[in-house]
Every structure is written in structure tokens, then in C-alpha cells.
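Okay, structure first, notes after.
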Amino acid sequence: MILVLKPDATPEQINHILEHVEKLGFTPYPIRGEFRTVIGIVGDDNKPGTESLNALDGLEQVLPILKPFKLASREFHKADTVVTVGSTKIGGGFLGAIAGPCAVESLEVVDGIAQRVHAAGANLLRGGAFKPRTSPYSFQGLGEKGLHILREVGNRYGMPVVTEVMDTRHIDLVARHADMLQIGARNMQNFELLKEVGQTKKPVLLKRGMSATVKDLLMSAEYILSGGNSQVVLCERGVRSFEDSTRNMLDLASVPNIKGQCHLPVIVDPSHATGRRDLIPPMALAAVAAGADGVHVEVHTCPEKALSDGPQALLPEQFDALMRDVKRIAALFDKKLT
Amino acid sequence: MILVLKPDATPEQINHILEHVEKLGFTPYPIRGEFRTVIGIVGDDNKPGTESLNALDGLEQVLPILKPFKLASREFHKADTVVTVGSTKIGGGFLGAIAGPCAVESLEVVDGIAQRVHAAGANLLRGGAFKPRTSPYSFQGLGEKGLHILREVGNRYGMPVVTEVMDTRHIDLVARHADMLQIGARNMQNFELLKEVGQTKKPVLLKRGMSATVKDLLMSAEYILSGGNSQVVLCERGVRSFEDSTRNMLDLASVPNIKGQCHLPVIVDPSHATGRRDLIPPMALAAVAAGADGVHVEVHTCPEKALSDGPQALLPEQFDALMRDVKRIAALFDKKLT
Amino acid sequence: MILVLKPDATPEQINHILEHVEKLGFTPYPIRGEFRTVIGIVGDDNKPGTESLNALDGLEQVLPILKPFKLASREFHKADTVVTVGSTKIGGGFLGAIAGPCAVESLEVVDGIAQRVHAAGANLLRGGAFKPRTSPYSFQGLGEKGLHILREVGNRYGMPVVTEVMDTRHIDLVARHADMLQIGARNMQNFELLKEVGQTKKPVLLKRGMSATVKDLLMSAEYILSGGNSQVVLCERGVRSFEDSTRNMLDLASVPNIKGQCHLPVIVDPSHATGRRDLIPPMALAAVAAGADGVHVEVHTCPEKALSDGPQALLPEQFDALMRDVKRIAALFDKKLT
Amino acid sequence: MILVLKPDATPEQINHILEHVEKLGFTPYPIRGEFRTVIGIVGDDNKPGTESLNALDGLEQVLPILKPFKLASREFHKADTVVTVGSTKIGGGFLGAIAGPCAVESLEVVDGIAQRVHAAGANLLRGGAFKPRTSPYSFQGLGEKGLHILREVGNRYGMPVVTEVMDTRHIDLVARHADMLQIGARNMQNFELLKEVGQTKKPVLLKRGMSATVKDLLMSAEYILSGGNSQVVLCERGVRSFEDSTRNMLDLASVPNIKGQCHLPVIVDPSHATGRRDLIPPMALAAVAAGADGVHVEVHTCPEKALSDGPQALLPEQFDALMRDVKRIAALFDKKLT
């Protein structure tokens, strides 16, 4: 850590700060400059108690030097983590192609969609049984019945399934039926939920919160990893911005940004990021070109009958075309779909 | 609702849209313009199934006309709601002055702070027992023991107490000890939690999410209201922005913005909004001048020993000065503290 | 400055960095920690050539310590600057009350508005002759004719006048007619324009850009100050955000934030910040309570005939009421209007 | 346009609005609904005077239906525009590969860089002679001398050159030496500058402002097009956001978003968008995969000696590798470099 003192910090304040640093068990190295003093601190930035430094008089800024996450960092784990979900691998050269409807609506609808996305090359089936909806008056999902449907359809096509869990009380139930647990954007900082999924052995798909920085996302992954569950896939799905012609702003640079400092696989969801069918294919291709470990796309056989988010679902024939292009770009970068 | 069709929508597409609208039970009024066709729809925008309109071919935009919330709207409930928490009233001319430490640390510390803020005029004591922390390695709160401390100190000074609840499994426990349940910014769209606190009879302090629009906040309030709990106080606490010299950006205009369309009380938390001790007093005064129904301020007798968020806590003497000014501005606007 | 080296920086890289620092004329103080090395640098952060440090191999971050602006800083000039515009003073306890139409439309309209705002207590008349409009098809202002009208009406009521200058070629013309030059939000980083108004002796009203940080704004002020013109008033007018129910997000905390580190007066423009007539009065009052040195409000006698921005103009009677309340809050804080 | 009236609009207000609409020369179609009245308006949304509608009493919202730009829209001009800059074509299947140093520093440096980027396949040489710098104390560019250098080096390698123009007074000078005029992000809404470059016959590279929406960008293009200059290339270069680990947030979805509604070529500048050398190659590749008509990349032979923005410049050998990959992706999409 580096402590930057105020230009008018008094000698008493400086001494008090030096004593406080030593009391915390650190060695302070003061550098007295022309305009102000800075204090270098050798030791672990993440040590408990260091937060208290922020409140000292005479101090202008505490500049951390170490990353606040450990288990998620490449310094801790150099090689790419490969997450295995049933027969599907994600990361380290393996691409995940997650597709399915926004919500599980009925066995027939999910089956129709799964048949098509499976044929096109998707290797993980998605569908929401518990749905986070902005309005209490919107369709809230089929709950347990939806889980049964998703499982059944997954089995029919030999596809592992991923679905969202929104509440600690539902983890056991969802984990019984699903192969991978999704933490949605709105729950990325639901820390109790993160702790509990960290206790399971299920792979987790952790979506970036709508105003989460890359660092925030990695800290949330750290919650899960520190619980003992190392099977985490991160998902960029766009953040809030002033641009009003798309639902969110897809921060595609987060993919190489994360992968440079973290060993976990990163996939991209252009459906939620843009909210517009016309923008999904180009952004899915861009994601693969940017180095993403997979894509997450909503597909519906009849978007105008979808109970949720119809406008952002691709039609099956659009998904077919997209997967053909995904495979061509993947081949350029030696990525494969299992 | 208004449906705006694409300039090149075909007659077949237009007919399909008109039929779909009628199938949903609405009456469509097409207006055929020079450049494109729009269709006015008479009826309730919030009717189930209307979402499906978004996915129709030939359609460019669906423009809603009604607000998506009802119970929270002034159209539904014209008069200001007054929320009563123990002896304290908030809204309709009554100011809430919520103060206390970020986290409940020990009986002694909370008592020392409560004694001071009570003397200065605070009418609601706050303190976190369950703490949402970005890092799994930060202090996570005392949990149940913290609730006991907060209750005990509240009783000593005759102050009702408010504390955060982060998980559906903790609601009963927190509700046994606290007079008001706080939903934190990170849980503003934890819909399961909102539904469950909607089932309690406890007043709720609902904080705005870090990237929530005013409409999102009101939709989350609607979740609680629609569960049968009408005692909701909203709290503006700043949103994420590109400005990097404050922790968040305080959107003070949200106060008159919300109060114009919603009957619930709105208070302001300048501590979390700015994250800087020097900015808290001016923003608390600005909040009252803007028409807020109260302020929410962190106070600590020894910020450098605080286990959480020390730099954004006022010292007791700063809080004394602030409360004197708050009362002077409140008097100008005929607001009172009970 | 503090140089934070990468954890895996090689001894060769470290040596190269130390040499480079010395070549720039600085003394480096390396601190070799458990996890990585940091190098403290004593000397002036703003020295030419220091930017080159950013590009060195083995370096992770360069942390500046000094503020990048000088003339604008309180460290350079401790007392509040009072800017004098004709008979009006702004700053150091004096409130500016700038009012008038968005655009100068005709002598009659401006006269009618000036008469009313003057009577209500405004002490500076505003009106746009050159208008920055998003669309090339919108009214672009009366140009020179508008300047004549504004000057004439200012003279009638003994009010100094402020108007926008958008191009270096117009500075002489505008300066001949106006008492104060406004640099609009869209031109806050039009550095050629800043340099040129820095060469005039006219007071300048510098509006914050739509995505400018507080630091960016102060750097733009520094451009003007470094040209020799010390008469600069800063104006907070809202920034871009995801909130879609107001035109911009008013960052009112910027007022105490700026005033703590800069001696220049700061005023607030709630008209452009919110774009909504109902939100202007509460935000103007909040601005004064937050310590602003004035307000900037659009007023129109007939908003529905305004050629620009009608919806954000107060009616004269609303402005009367607002000024009464402004004076009451100003009195609490010992501020006066000249 | 659609006028949405307030739920409590009085019959008098409704009549006044209908009369006002007719006075503007439009035909109003009122639709009286259960909860409120809306008025459909047939005619040209962009007609002068329509803005006045916003200020009418009883009105809640004016919803435009037509796009506010015309010449830039695909409705006006269906085919892709191909912009020709000397021997280079951009758009309609032709990729621009713009490369060069941030600032023109000396003949030797620019020559060394041009030699390398030309060999790697770049088809347009960039370099700043007039530099917009946040600080008045930073290097401001060589001015006219820089233009001479850029021209000379361009001629040596047979590369057309593009450079920024920051002020209306410099247009003639810059146009004498450069093949393409760049309008920088900070001047995207410098409307006087846009009007004047609209009067030249030079191709223009228009960069997106740091907080400009896609619509804002297209409106700025409209300024140039409406002046008679149809040779405009748009450039996505990232926008301001809360994410603090990159310089800006690259909004790559703007590429297909713009191309769907506008016929002008769109290129992407990952150097300014990310500010980080490690992120430039993946984002340049993603840009081509997303359908961009080119990339704009800063390259420097010795970034640590660069007078400006060294950390975001690729080394020549990195640019070589990037161009190899760009060509492979371009081939997949049948794009060619001239």
C-alpha cells in the first residue's frame, strides 16, 4: 500500500499515522518529497484492519497495490481453468455454446427449441424456471415444474442444463435438477447466495452485474472460490449506460481484460447485452474473435409467443447461421466445441 | 400503448399485428401517416401478454403510456404516505434523521454513538449486523449478536432501530429485533427478498440500487406494496458514474422526481452517496432543501477504529453541527422531527 | 509519483526504469516488498516528459500524487475568488442569479423576460445568440442581431449580460457586446476556444461537459487561467447517465467537491441538468443549500412559443417564488445578492 | 409524433393542444383511452416549430416517430457509402487500416513508423499535428510543421494521410496538407467546426464523443452531410463509463447498430477505447468480426519516448501480428484492403 499524505499534514499527524501502521504489523517507509510526504508500506494489502487506515487525519489517499482477489487471480493459478459441465467443457480452448429460451414455458416449447439448438451445435441448454422480473405483475417462471421440464428435455438430447437460482432457499432444489447454477446479474452481489453456491459442488455461471466493474465481478467470483467451489464461468452481459438504443452496453473489452488477470473462463451473452435480435449475431462473433470461451444466446421458435424477452431471442434458423459463423471464427483461433 | 411500425412494414405484417392486438383483448386504432403507420391501443398497458407485442415482425417500437407501477403511484394514492417506526414518523411533513455506525461493532461503541446522535436529534438508530461486503475477506458483521446489541442500545435511548436484512432466511430473526428492515442497494432487485419483506408488517427502508433508474426503484417498491406491506421508505444513496472523485453520484433530483409521481417518503443517504466526510453535511442540507423526508448519516466516535467504512462517517461533533443546520432548513419548509 | 511494478518485473526492467527516472531528473526511492517493488519519486509530477513513464516495460501503474492543475487549486490561491461582472459579484459570499431565455428570440420577448427576472432579483441576464443545437435543422440562434438585442435589454434594466461563444472566430464580436462569455458544455474541451478566451479580459462562465469529471472541468479552467484570465465561474449543469427520466443527472456534490480544492466560484444550472420545469425549483434551492455561489435558470414568458428548450423554462411567476425561497436559504448561510 | 397527455389533463388543455397542433400545420388524431388521451400526429416530425409542443400544459410526453436525421439514414440512401481517400477505399466491403503515431513528433520517428505500418498492410497514415490535450501543460503538437512532416512521409510511402483539425481557423491549412480531416471526440459537437468541414470536399473521419449516443453521432454526421460533404467515415472510440480499468468503454455494438440505420462506413479505434496495449489486438479483431469497415490503431517504434499516449501504442511487431489476424477474419467476411 501507499499512503499519500495531505500537503498540510502536521508532524503530529504524520507520527500518528506511522505509529498506526506499525500497530497493524506493517513496516512503513516514509518518503518526504518537495510538496508532500508519501509512506510506502510493505506487507499484505488485504490484511484485516488495513481499512482503518482510510480514516486517519492528515491522509489524502490510500493506494492499494495488490489485487484484492487471490484465488481468482492468474498470479495464484497460472493456467486457464477448464470447467466441465456434464459432457461439455468450457475454457482452455473449449467453447461453450449455451442456448435456449429465456423462460421455461412448457415441455413442448422447450423441446422444440432444444431440438433445434442441439442440431445447430449448442452444447449446453438454458432456460429460466425462477425468473427475476422487474415487475411483480410479470410472469415469474414455472418454478419447480420448470426444473423438471428442463431436466427432461436436457436428458432427451443429451445436453447438460443450466438455470438460474435466485434465493438461498432454492439452491438444493435447483441443484438436484440442473448441471450448472446460474447467478443472475441482479444477484451478482447477493453475497449470501454466493457463499451458499460456493458450498455446492455444482459448476456456477456468474453473470456480471449491471453496474459491476471487472474488479467487482472478480471479487464475487472470489466469494464462490473461497467457499471451495472452483468451477466458475464468468459471463459478460452488458452494463448500464447512457446509450438508449440498446438494452445495455456490451463491454466486450472485459473479455481480454479479465482473461489477462484471471484464469476462469469468460463467456458473452449478447442477448441480454443488446436486447435486439439484429445485434446478437455480430456481437456473438465479435465475442469469439475477442477470445471469449463461449456464447450464451436466447433462442425461441416463436418469439411473439414467448412469455419473457421475446425481442431478444433469435429464431432457430438465425441460430443455425450464427453457429456456422461461430465455428469458422473458432477454427481460426483453434477453439473447439465438445 | 402505441405501436410504431417500421417504414417498410408490409400490409400482411400490419394485418398480423392488428389481429394479434385484438387477440390480446385490446382495441387498435391505426393511424396511417405519410412515412409510416402507428397503432394506438386503448386498454391497460400492464395486462399480461402485452410483452409479446415486442416480438412481432414489422414493428419498430412499443411505446408504453401507463406507468408500470400502480400501488406506488400518486394516481393510486394522492396523499403523502407517513411511515411510522416506533415513535418516529417519516413523510408528510415529518423528517426522519437516521444515524449510527456503519456496522454494529460492540455494545460500548454503539452505545457511545447512540448517546451522541440521540442528543443531537436523530430519531432512528441504524447499524449493520449483517454486512454486504465486496470482499469475502472483509468483516462480515456480528450477525445475531449485532441485532441484540442494536436492540439493547435502541431501548436505552428510546430510539427505534433499523438494520439490513440480506437473505430471506434471516427475515424472521431480523424482524424480531428491529423496528424497520433495510433492503440494501445490492439487493434492490433481489425479488425473492422483496416478496418476503412484503409479507411482514415491518416498515421497510428500500435503498436505490447502484444502477437502478427511478422507475426500477419504484417497481421494487411495488413488489413490497403488492405483498400487502404499505410501510415503505425509499432512500436515494447515489448511483454509479464515471466521476471518480466520489464513491457514487448522488442523484438528488430523484427526490422531487419520485415525490411528484409516488406517495412514499424519500430520504437521502449522503454517506454512501459520496463516501467522503467533507461532502456529507452539504449534501444532507441540500437533500432537505430539495424536499427529502429525511437523511441517513453514518456517525462514528472513532472512525479510524471503525471496522467498516470509517472515512464516510461523521464525527459526533460534526453531526451536532449538521443537525443544527438541518433543523434551520427544515423550519423554512415547515418540516418537523418527532 | 509512485511507480508500481509488475509482480514479475525482472531485475533488468527494474534497472531500466530506475535509469529512465533519473534521466528525467528525478530521484527514485525503490521500496522492495514481499510481493512486488514500488518506486517513490520525489519531484514535480507535472514535469514535461513524465508521461513517458507510462510506457515502460515491467511497470503496472503510475500513480500521480500532485493535482494536475495549479492555478485553479486552493493550494495555489487559498481565498475564494470573487468574480465581478459589471455590478454583479459572484463568489466569496456573493450569489449570482443568472436568468433569461434559452435563446434570444426578439427584442420584445427578451425585454418581457428581463423585466420580470430583474424585478424578482436576478442580477445577470442570459440569452443565447449563437446556439449549439444537436440537429442542423433546429433554430441556430440570431447571431450578431441577437447580441445587439441582449445588450440593449441589459442596458435597459442595468443588468450585465452573459451569452455563449462557440467558435474562436466569434470571440471578438461576442466580447464587444457581452459582459461575460459562456463556454457551453459541448465546448468544455474545445481547447483552442479555451486558450483564446484566456487571452481576453472578460469574465468567463465555464460549463461542465456532459461527461467531464470534476478534474477535467478544473483542467479546462486551468487552460483559461494559464492564459492570464483569472475571472472564471464554473457551472455544474448535469452529466450523462443511465437515468432516463431527466435530461441529465445533476451532480450536486460537485459543488462542495470543487470548492474544497479550487478557489473559483461554482454555480448550478438546474434547467439543463434536469430538463424538467417541476424539478428546477427544488434543485436550485438544494444548490444554494449545498454551498453554490449562484444559480442559472431559464425563464420564458411563454414557453410554448420558445424557439428552443421551452419545457425547461420556468414561468416568471415560478421564478418569483423561487427567488423568494433562494433568498431565505441564502440568508441562513449569510450569502447576499448584489 | 405521438402526444401523451397527462391523466388529469382538462378538456380545455386538450382543446388548446389540438388547436396548437393544427396551427403548426399538422392533422391531430386524438385517441381517448380508459386512463388517458393520446394524440397521433401525421406529418414530418422534424418540421420547424414542433419543439414548441413540449412546453404545452396538460402534456406529459412527446414521442417522436421519425428519426431526426435524414441524409445519414438508410431510408434516404440504401446502399453502403464507399469513402475514397486517395488510393484507399473504406466501406462497402473495403477495410480501412489506419495506423500511425498519436502525435507527429519528428520526420525520423514518423518515417520509421510509416515504413513499418505500410509494410504490415496499413492503407492510411495517421498522426496528430494539432493535439487536444486535457492539460495546458502537455505537449500540444507541432502544428503546421507537423502537417508538413506527415505529408512528406505519406508521399514517401504512397499512403494517404489523416490528421485532426480542432478549430475552424485551421481548416484551410490542414486541408492543404491532409487527405482526410479528423474531427476528434471532444469536438464531435463543435457544430461550427462540423459546418465548416461540411463545406470542404475532403473526406472526414468523425469520432464519437465520449458521452454521445449513437443518435448524437449520426446527428453530427448530418451536420457535415447537410453542408454538402458526403464523404464521412464514423469512428467508434469508446465512451465514458464507471469501469475504471480501461480508459473508456468500447461500445462495439454501435457498429452493427449504426450500420443497420446508416449507410456511412464505421471504423473502430481500440487504442483510445481501451488505453491499454494488451487489449488493442483482441478488440481490433472483434471489430472486424462485428462488421466494422476498418480499424484505427496507434503504433510507435518506441512507446517510452512517445510525446503522447505511449501506453496505448502497439509496437510494430505487434501491429504486424494484428494485421495478419485482421486479414484472416476479413477473408471470412469477404472484406478486402486496397
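Labels A, B, C and D are assigned to the chains in the order they are written; within every chain, residues are numbered from 1.
The working rule: a contact is a pair of C-beta atoms (placed from the backbone, for glycine too) under 8 Å apart; a residue touches a chain by one contact, two chains touch by 3 or more.
As the structure is a prediction and not an experimental result, all values here were calculated from the model.
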> Which contact partners do subunit B and subunit D have in common?
Replying inline: A, C
>> Farthest chain from subunit B, going by the mean of C-alpha atoms per chain?
In response: D
> Using CA atom averages as chain centres, what separation in Å is found between subunit A and subunit B?
Replying inline: 26
> How many angstrom lie between the CA centroids of subunit B and subunit C, rounded to a whole number?
Replying inline: 31
>> Where in subunit B do residues touch two or more of the other chains?
In response: 211, 239-242, 244
>> Residue numbers of subunit B touching subunit A in their complex, please.
In response: 20, 46, 48, 51-56, 68-69, 132-139, 166-169, 186-187, 189-193, 195, 209-211, 216, 219, 222-223, 226, 239-240, 303-308, 310-311, 313
> Which of the residues in subunit C end up touching subunit A in this complex?
Replying inline: 2, 4, 7, 29, 31-36, 38, 40, 42-44, 63, 65-66, 75, 240-242, 244
>> Which stretch or stretches of subunit A touch subunit D in the complex?
In response: 211, 213-215, 239, 241-246, 249-257, 260, 270, 273-274, 276, 278-279, 282-283, 285-291, 325, 328-329, 332
